[in-house]
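When the chains are written out, they are named A, B, C and D in that same order, and each has its own residue count from 1.
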Amino acid sequence: MIGHGFMGVAHSQAWRVAPRFFDLPARPVMSVLVGRDAGSASAAAQRLGWESSSDDWREVVARPDIDLVDICSPGDSHAEIAIAALRAGKHVLCEKPLANTVAEAEAMSEAASVAASRGVYAMVGFSYRRVPAITFARDLIRAGRIGTLRRVQAAYLQDWLVDENGPMTWRLDKDRAGSGSLGDIGAHAVDAVQFITGQTFEQVSGALETFVRERPLLAEGIGLGGTPSTERGVVTVDDAAYFTARLSGGAVATVEATRFATGRKNAFRLEFSGSRGAVSFDLERMNELEFYDGDDPAGEQGFRRILVTEPEHPYAGAWWPTGHGLGYEHAFSHQVRDLLVDIAAGRQPEPSFADGLQVQRVLDAVETSAANGSGWTRA
Amino acid sequence: MIGHGFMGVAHSQAWRVAPRFFDLPARPVMSVLVGRDAGSASAAAQRLGWESSSDDWREVVARPDIDLVDICSPGDSHAEIAIAALRAGKHVLCEKPLANTVAEAEAMSEAASVAASRGVYAMVGFSYRRVPAITFARDLIRAGRIGTLRRVQAAYLQDWLVDENGPMTWRLDKDRAGSGSLGDIGAHAVDAVQFITGQTFEQVSGALETFVRERPLLAEGIGLGGTPSTERGVVTVDDAAYFTARLSGGAVATVEATRFATGRKNAFRLEFSGSRGAVSFDLERMNELEFYDGDDPAGEQGFRRILVTEPEHPYAGAWWPTGHGLGYEHAFSHQVRDLLVDIAAGRQPEPSFADGLQVQRVLDAVETSAANGSGWTRA
Amino acid sequence: MIGHGFMGVAHSQAWRVAPRFFDLPARPVMSVLVGRDAGSASAAAQRLGWESSSDDWREVVARPDIDLVDICSPGDSHAEIAIAALRAGKHVLCEKPLANTVAEAEAMSEAASVAASRGVYAMVGFSYRRVPAITFARDLIRAGRIGTLRRVQAAYLQDWLVDENGPMTWRLDKDRAGSGSLGDIGAHAVDAVQFITGQTFEQVSGALETFVRERPLLAEGIGLGGTPSTERGVVTVDDAAYFTARLSGGAVATVEATRFATGRKNAFRLEFSGSRGAVSFDLERMNELEFYDGDDPAGEQGFRRILVTEPEHPYAGAWWPTGHGLGYEHAFSHQVRDLLVDIAAGRQPEPSFADGLQVQRVLDAVETSAANGSGWTRA
Amino acid sequence: MIGHGFMGVAHSQAWRVAPRFFDLPARPVMSVLVGRDAGSASAAAQRLGWESSSDDWREVVARPDIDLVDICSPGDSHAEIAIAALRAGKHVLCEKPLANTVAEAEAMSEAASVAASRGVYAMVGFSYRRVPAITFARDLIRAGRIGTLRRVQAAYLQDWLVDENGPMTWRLDKDRAGSGSLGDIGAHAVDAVQFITGQTFEQVSGALETFVRERPLLAEGIGLGGTPSTERGVVTVDDAAYFTARLSGGAVATVEATRFATGRKNAFRLEFSGSRGAVSFDLERMNELEFYDGDDPAGEQGFRRILVTEPEHPYAGAWWPTGHGLGYEHAFSHQVRDLLVDIAAGRQPEPSFADGLQVQRVLDAVETSAANGSGWTRA
């Protein structure tokens, strides 16, 4: 595994836990953790339960005893590592967004395509696809339970930048992060909508906004934020992104991705409205899915709050009895489970790098539209 | 109409409004408003739109041009007025609770029975029966949609006595009010549960509690409270009542009626659990009813939030388009509508005084049980 | 009053009820109801409690005993009637949207301005300003309780057109209605946001969509819909409108107004996010306002569900005790109350026709933007 | 660890995960898993990650390389194992309820007391104490934030027995389980209320109910239920328990523990009402705590929905960024963390066996009261 930040911790938990709850075709061995600083990597490996550590990803990627490379480092490093790993015949799990630029994502997708022809697979880590309620939303919608889809409302709402004296982190630096809320959380929205509906974003009209253009530099990082230093830096990414989109099946989607939704901590909200029903979700209540069945008798229709913790629900049966909720990290275990099952079956795992590239193109179209007076732009 | 307090205002609104939204068999004329103080009664009549006023209910009840007497005065006056009115051949609408004692309620029920045989009808004003969501809950449950009823949870939660320096009002004086939370709001719980389920409370095990036993006397009344004077009085009613009950059909009900549920303003909550489904309600969200249909496919079950504002719902079609909510007072208009329709049809309106007496007996059994170490007591 | 459809019923209720709950400077007399068809107007007058009826608004508007004209007819008739009434020295209350075109709205605003200089006042009926929770949201935000406003999310969600076989009504005919969801419910969103924030919509980037372009003609109208005939007509208005806006104070707003949000009956949702807090509202729960106070201690912050039924809340003290909710129609009573108070005080009531014109300009800019590839357009 | 059912899986996850997120004074080694059947135990050890397995708990408890025994077997086995382990100088973590009878619990508590004097500690596994929202509720209430406590409403609502053809499991057999909903989930309610409030249940008036007295025997177990066989057995435990209690500090608590709350999957609900505020919780939304602060300005009071995922909240800082929720199992990791920290510090961990005994006495008093016409009974 490359990287041991927030994502590295989540991925480690998945590798550790998935084999205990799912029957996997192979038993994962948490072999080596890679970080830029040898000391930090060693300490993290110890803490997270990796057998060894390294500060040289090139060397690790070349090792014959490594079967799979899990990339959790910042977006600007994805392309180089992933391509090298695939060329070395390693399966790859790469955190989202796939890359910071479309060009990089294209190269990665191409490399993945070549690798797949040799039975080496790559997956991009849009982990929310494996939140049981989101997988279940897809099942309902793909089964036609809401009829013809007409409306999608997606909003990914966070508030960790509301304080204008909150410090810069690498996530606010375009060179490192590629983009701001658009690439970080807007990417989740695009992928989830496409995954759930089976439709792609064809055209977008978008706008980006940076509310706070200058911030103190970061002294010490804590969680997604940290303590401020006395120097100041320029925010080069968007604080919020807004776009309207036409989907391939005729639906219209509105998307808001923002780090300025005061009081909303991780409210990834999705609503799908069709001719026969609707489905609604909020990640802050991730064990629930709301389903409105227009086929219910008149007068008895209403959004049903379904606790997605029953044996009938995706992934849920592997865990606890009904009503005993799962948390954020469980989606990562599901991701590992599906990845290993697909690799063992010689089947392309999803979302593929091509899927990741397609999301990247949508995000790119939003940026282009925003730079051109919000005119409609093809993805 | 007798009385022009909070209930008098609500009843006046009902007489004023019902004819504008419902086809009534007779057009009500708001003739005379009666109060103990001639000046206040006259001012209230003017404000509330009554043609005249009086401070002598006996005289009014005897007037030949009066067809119906609406009693909104405190509970200790109900029996005398209602019986006189019925004997004078007037239809009677009497606010709940029917009376302060079972003996009075029995006399009233007897008088109503005699009057009914002459085509003169009496109704007790458990207005919540006519909240559309509550009527609809009854329709669902009576139609067997939740199967065999096993569990009832009823809680009427208010918090207007939490402040121990809040002053005494007539509602805290046993001589005037009969009882405290038990008779005031517990009575609503008993009536609503019996109405919705069609089962009666057969036995109860109950407890009463007075948390604040002494309070400042009332200087000036405002709403349900007012400003305190410097003198103090003794609270002679219960602040909270708790009881468990066995219903005639085998279900077990728990009831809490309290004025000490901090932060709960008027949360009259009801939940009914059966072998096939469940229904849940909260008066603070009175335009919603939650329905859990156990016949939904496995994995798709969940409480449906039904907005009870569709043409299919009781009373709702007479008002606004779907989704446009009703308020507290609308139940009173529905009550007036049903009362006039039943009178015109020569049919006993419900809830009858016999129904009111039965509620009274349940409340009395709770008091008896509470006085006897919470032992089970037949209603 | 001109018109006796849905809005006529709501306005009649307001004129009937407001004087019973509020101290008004003048006692309204419900004198004459005007409709295009003499028979229908007469029946409606009888049902709604107007003293007389007429099928000639010109004659009525000229009558010396009429002080105020309340216009509830479709949008295409507003300008002519309002201007005539104002010229005749009558105060005017005109339903929203002010007019179907900006040109008409300008003429009306001009007429209102002239009249005001003579002490004759005009008000446009954006009744939601007087929903207590919305008024209270304004109070909080104007008092600085959420700090610098950065984000507005407005969505007016209905679903009465989801069924593609639901019939045409005048609301789907551009000639009568002016526009579809944009003018009908989007107008509410624009007015409410401007009212609450004190900022105006300066520029917009918008899109319109008509999902169902042909429908059966209407046989008989029921509520907002009705039964279909066998002939078909073309829908000439938008089913849904989407726009992003930059407000005068620097905030970014997203607005969705749609009649295709399956399962959402009348969900007018507003969220305001600022540097110190946030406020959130949903008309389907109109007695509640959610307030996030960023000044609460760390770890204790959260959206507070405030029941806006306390004596401290706008208008609420005139009605029922705490926790006893109001309904849709109450806002119309508050509107009547404020209108009469302002007229008596010789003060311009709000929202003025100029305010209505400004909303119209925003809607017009959305249409222009939508017609021009969603490019940014000044309002 | 003894036992590898549902609880064994949860405890294994805790031992596996806790060291990766918390700094522990000792690194746990998952040494040996004990089960009655050697084959099942071996398979479970493999799956759950234990180094070895055994079918002889006596031998394991005597092994010198074992420092701590974690007891997850049914309640009837707790006393013998725990006492033996403590005598052998092993620390003990014992699942709740402590034992099936008060006599057993007394013996265990005594053994724990003796062991503690030698620095060997015992803890009973009321894991819900370590749900961050519950720990935080305690913090708020112990800090006086809701003032004088007057009211507790506790309800533990499940519905897995609603189907009368659902099969018998060991949980419905008094000999194995000790009691039904009372001991299984009512025990959680008693412990949580006492933990949060710092008050003990002094007297109770209770009732028990078995709605379905005969069921098919279990063919194959799945989750908490399973498939039915053709033979039938008698249910010897309660399906539901109801009790009212007086707490040591003067508050009145109502408790309902039921497996017949149709549609409620794991709704452990707690509400605490005091003179200055209130706190409300529902385990189905375990990442949220509602707090009503009566010190907020009039008109701004309301239940705040606090997402208990901030660094300021108990345990939360060790996991994910704000808004990223935890699941059911995390409380077990917190339990392991606190247990090891206390053992290392030579400090009695809580809840102690004495605490477990006290809960047992309350449950016993409920049974006694229920058997005696619900008369008040001292715990």
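To be clear about the criterion, a contact is a pair of C-beta atoms (placed from the backbone, for glycine too) under 8 Å apart; a residue touches a chain by one contact, two chains touch by 3 or more.
Just so it is clear, the structure is predicted and the values come from calculations on it, not from any experiment.
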Inset, instruction - Name the chain whose C-alpha centroid is most distant from the C-alpha centroid of chain D. - result: C
Inset, instruction - Using mean C-alpha positions as chain centres, tell me how far chain A is from chain B in Å, no decimals. - result: 53
Inset, instruction - Could you grab the centroid distance between chain A and chain C? Build each centroid from C-alpha atoms only and quote it in angstrom. - result: 41
Legend entry - Length of the line joining the C-alpha centres of chain B and chain C, rounded to whole Å: 35
Legend entry - For chain A, residues contacting two or more additional chains: 264, 301-303, 307, 310
Inset, instruction - Select the category (line, ring, star, complete, other) that matches the graph of chains linked by touching. - result: complete
Inset, instruction - Show which residues of chain C lie in contact with chain A when the two form their complex. - result: 146, 150-151, 153, 155, 159, 162-164, 205, 207, 209, 211, 240, 242, 244, 250, 252, 254, 256, 258, 260-264, 271, 273-278, 292, 294, 301-303, 373-376
Inset, instruction - Sort out for me which residues of chain A touch chain B in the complex. - result: 136, 140, 290-291, 293, 296, 298-307, 310, 312-313
Legend entry - Complex contact set, residues of chain B against chain C: 6, 10, 12-13, 16-17, 20, 47-49, 158, 160, 222-224, 264-267, 283-287, 307, 309-311, 317, 319-330
